[in-house]
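A quick write-up on the structure given underneath.
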Amino acid sequence: MRRIRVHPDDFDIAAESAALLAACKQAGALASFTGVVRSTSAHPITALYLEHYPGMTEAALARIAAEAESRFALLGCTLIHRIGTLEPGQNIVLVLAAAAHRQPALDATGFLIDFLKTSAPFWKKEIFPDGTSAWVFPRDGDAQAASRW
Amino acid sequence: MRRIRVHPDDFDIAAESAALLAACKQAGALASFTGVVRSTSAHPITALYLEHYPGMTEAALARIAAEAESRFALLGCTLIHRIGTLEPGQNIVLVLAAAAHRQPALDATGFLIDFLKTSAPFWKKEIFPDGTSAWVFPRDGDAQAASRW
Amino acid sequence: MPITILYFAWLRERTGTGIEQLVLPQGVSTVADLIVFLRGRDAAHDAAFASPLVRAAVNQVFARPQTPLSPGDEVAFFPPVTGG
Amino acid sequence: MPITILYFAWLRERTGTGIEQLVLPQGVSTVADLIVFLRGRDAAHDAAFASPLVRAAVNQVFARPQTPLSPGDEVAFFPPVTGG
């Protein structure tokens, strides 16, 4: 059971959790990761613009999900990534992983978000309070996090 | 921000996620673990009965949350555990952890569920299709999982 | 000294007791002493405490056999926890 | 040979192009060759591809400089990805 979606609309983690569990009757564990637009006093932004490569994105997410399925005792997973202009506090990405027991669900969730960040063609641009903007530069830690697996 | 609850009623992961994020304005990452009543063809059950030690449970969960706050760069966490009689597919436990970035949120979620399983006074009894029942025996892996931290 | 004793899960079922208040005789001053005392009370308690899996808490904190008891303590007996 | 080229993020902004279809001259047979060819077309492309951060995909799979090109390929250029 693999659910992959890329769209501007928000997602409902309760509805997505229920849908994944309904499709994975033997699941005893569901882990999730939600990424949220962050604006801090040290680095204030008014919006985040998310662009992607239609077609390649879905293929890349399917490859990442297949890799997680091959590595962990997963019953199913959900990957949802929003695109377009988002405001601070809004959801960006949802990863859900269902398994019989907690460790594969937790491990797969970490794996999926690490690889999504390094292997799926999304690009973020930050819009600042003065109206200027800048494309986000990858964090060094992202490649390191993905290389652990 | 620490939200701890023990009650028979179900929880809504979307409402809990929104409440935690609303209280953690600097959060960029929210991780969760949901435990679900599991019935399999190899080990069918009709219900799970959950008993706890009122008072000590809340104190134990507060200690576990405080330990997670001291170990990880957590902005907040939520621990909800249901008690009473639950059916297969129903939620048992919810752990939410909010942080600025993904790694502390994911690590704290794993830590919280591992310690909840070994350090909070809950007991599970399985009810079988023939009407008999048996108290659940701890899995060896649970103490091992908690000892990793 | 007066104490309150709570039993959970199969300790509650096997002793047939959820909560009781007792006045302990002289010499019963630790969790281990209390278990010996309780086992001597009746066959149900003796059978319940025969398991090596019995765990205890004193005043809602996990305790060991040598944990000392004080007047007014709340002592709980239960099997290994299985939440989550 | 005919190919389609896509540009994303600041590659799109700096080249002023989102998508274009080109017929490549003889000798342009790898991703690296294509970058050299594109940089020679105008100052905007030259500036965009001057960054060491340019990444590429061929037919929606991440590619390397030496990845060969075939007629009808879809080639994309973009900065390092920053999703999630």
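Quick notes
Order of writing sets the labels: A, B, C and D. Residues in every chain begin at 1.
In the analysis below, contacts are C-beta pairs under 8 Å (C-beta built on N, C-alpha and C of every residue); 3 or more make two chains touch, one makes a residue touch a chain.
Here the structure is a predicted model, which means the values were calculated and not measured.
Graph distance from subunit A to subunit C, where chains that touch are one step apart, equals 2.
Think of each touching pair as a link: the shortest run of links from subunit A to subunit D has 1 of them. Inter-chain spacing, taken between the CA centroids of subunit B and subunit C, is 27 Å.
We define each chain's centre as the mean of its Cα atoms; on that basis subunit B and subunit D are separated by 49 Å. If you average the Cα atoms of subunit C and of subunit D, the two centres end up 74 Å apart. One finds 23 Å separating the Cα centroids of subunit A and subunit B.
Across the assembly, subunit D contributes 84 as residues in contact with two or more other chains.
Within subunit A, contacts with two or more other chains are made by residues 35, 102, 113.
Contacts between chains, counted with the stated touch criterion, involve the pairs A-B, A-D, B-C. The touching residues of subunit B, counted against subunit A in their complex, run 12-15, 17, 21, 25-38, 40, 89, 100, 102-103, 105-106, 109-110, 113, 141, 145.
Those residues of subunit D lying in contact with subunit A across their complex are 6, 8-10, 57, 60-62, 76, 78-84. Of all residues in subunit B, only 35, 50-53, 55-56, 59-60, 81, 92-93, 113, 116-125, 135-138, 142 touch subunit C in the complex they form.
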